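Data first, discussion second: the structure below is written as structure tokens.
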Amino acid sequence: MRGPENVAEMKGILEAALLTASQPLSLDDMLKLFAGRMERATLRMLLDELKQDWEDRTLDLIQVATGYRFQAKPELSAFIVRLNPERQPRYSRAVMETLAIIAYRQPVTRGDIEQIRGVAVNPNVMRQLVERDWVDVVGQREVPGRPSLYATTKHFLDDLNLCSLSELPPFEDFSQSEVPLSS
Amino acid sequence: MLVTTSEIKINGELLTELPLDLYIPPDALEVYLESFEGPLDLLLYLIRKNNLDILDIPMAKLTVQYMDYVDKMRAINLELAADYLLMSAMLIEIKSRMLLPTPAEVEEEDDPRAELVRRLMEYEAIKLAAQRLDEMPKVGEGFQVAHAYYQHIAEIKPPEVDVDALVEAWKNVVKRAKLNSNHQLGRAELSVREHMSLVLRRLQAGGMCEFSELFDFETGGLPKLVVNFLAILELAKEGLIKITQQAAFSTIYLQASNVE
Amino acid sequence: MRGPENVAEMKGILEAALLTASQPLSLDDMLKLFAGRMERATLRMLLDELKQDWEDRTLDLIQVATGYRFQAKPELSAFIVRLNPERQPRYSRAVMETLAIIAYRQPVTRGDIEQIRGVAVNPNVMRQLVERDWVDVVGQREVPGRPSLYATTKHFLDDLNLCSLSELPPFEDFSQSEVPLSS
């Protein structure tokens, strides 16, 4: 096989190799492309040129810890991400039950929640609800330890399309509906 | 051009020539046969190697040899032997049919070897097709596909929750806690609970709050005022707020218990 | 997020998506990039233009069974293979013959394959082809035991750079081999 004859050809080989590599290419990797017939300094210069060639195009040639790689420009990533829409994550049962207890029994402490669910409340569960701005602390109960009292927020009502908690299905509705013996 | 077969090595030496009598040393049989893909492959090789006319296959000789292989293979690899045994049975059947006198009415194409020839030809075609597929360029070997990287910058969507999911969760809680009888929650009580939170949240700002400030006389309407009042009573009962009045008929002040 | 404003921007989005995709993109995939605000005909036209834009560059935009992808031009592949000098392990003859039978005779059962090859099919052979996603089960034959019917996948075609099975070398080429069985 003949070798590359000019700078354009060498850049072409580099470009194709970088575009088709599944991981970043180190300088040593790229020297292999030219079977040892290239100086490191030349390679660096070619990479610089290649980087500039792509400046106004769709990808960036960037250097990361393990080498060089092409990646989509950030403004295009926003479109590309549409190809693989994230599967909507779901809250765990613990999160949903904690939320339900806070919604129906507020204001409640963690102790109340633990009493009702019969298990300890993982701090992570409360954090998820607080970070979502669905639950916040509205006070402390005046007992030893002064535990925080949690309640649902207006933002929670907004996100569930409710104007007021009283629009939640009242509990009688389903405690009765469990035995619809005669219709 | 002959159909190529894999290299056959016996004791490290390349076996290039197959003896004309097709004799295979017993200790080499396993190595030898493993380089073939089965009895059809071996038969095809023997025919090609010896430049036999497939229609003149020396059936008797071939059959005897096959039976000999099978005997030796039984000790080594029963599964493989079964394949060769089947082939031997086929060869014997062909041979025996050829020995029988041909009834006059039987047409010429009913040659007992026809089926064997058909199978050999089909197998040979597949063998060639497999070689061609193997030679065809494939992703990662013959050509490289673009694999540039993109930064995954999508905002992480939080889970969706609807009222039904919330109610379902509450049902589970209640079912497990067996709260049914004591803790039925109606709309009214839910409203009270909501107002308890609202009042408490407002009092967190600190300091005293006038009792009347906690009531929204303009937009509330009577039911809401009542609910609000019930909420304040409930808060007091649960010790969450302190209610103070310096003298009769003077201003009533409210304060969250936890705020000094 | 604002949408793309002109043809150049739309082509840029397409190009970046195709260059960064881990598998070929179908027309439907690519329409997602534009959140449904693009006609199929327009998309095809843009793809044609993109293909031409790259004609004198380092990659080819090609169409395979499951869609479009960029791949290194053949004359550059020779250099790129130097990056991974160790050859991929080859499949055994048993695997390749089984694959050939499935490719040319599909849909087939294991029994069919055994009949043609004259030996039992090692389960390991089928496993290798299924794991490579070159072969899968497309149904059962309605005979006792209801054996599975195997066929090749689109991924198999993609990996061999084919759009359709009809692009495989014709089987007659092998049947009419140079050496007739009776000489």
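As written, the chains take the letters A, B and C, and residue 1 is the first residue of each chain.
Everything that follows uses one rule, which is that a residue touches a chain if its C-beta (ideal position, glycine included) is under 8 Å from a C-beta of that chain, and two chains touch if they have at least 3 such contacts.
This is a predicted model, so every value here is computed, not measured.
Among the chains in view, B has its Cα centre nearest the centre of the complete protein Cα set. Looking at which two chains touch through the most C-beta pairs, you get A-B.
Using CA-based centroids throughout, the chain positioned farthest away from chain B is A.
Once the centre of each chain is set as its mean CA position, chain A and chain C turn out to be 32 Å apart.
For this pair, chain B with chain C, the centres built from the Cα atoms lie 20 Å apart. For the pair chain A and chain B, the distance between mean C-alpha positions equals 25 Å.
Multi-chain contact residues, meaning those touching two or more other chains, occur in chain A at positions 16, 19-21, 59, 70-72, 76, 78, 80. Of all residues in chain B, those that touch two or more other chains are 144-150. Note for the complex: chain C touches chain B at residues 16, 18-22, 59, 69-72, 74, 77, 80, 87-88, 90-91, 93-94, 96-97, 99-101, 103-104, 116-120, 158-161, 168-169, 171, 173-175, 177-179, 181-183.
Residues of chain C that touch chain A in their complex: 1, 4, 12-13, 15-17, 19-21, 25, 29, 32-35, 57-59, 70-73, 76, 78-80, 82-83, 85.
By the touch rule above, chain B contacts chain A in their complex via residues 144-154, 156-163, 165-174, 176-177, 179-180, 183-188, 190-191, 193-194, 196-197, 200-201, 203-204, 238-240, 256-259. In the complex of the two chains, the chain B residues touching chain C come out as 1-3, 6, 37-41, 47-48, 51, 53-55, 79-80, 82-83, 86-87, 117, 119-134, 136-150.
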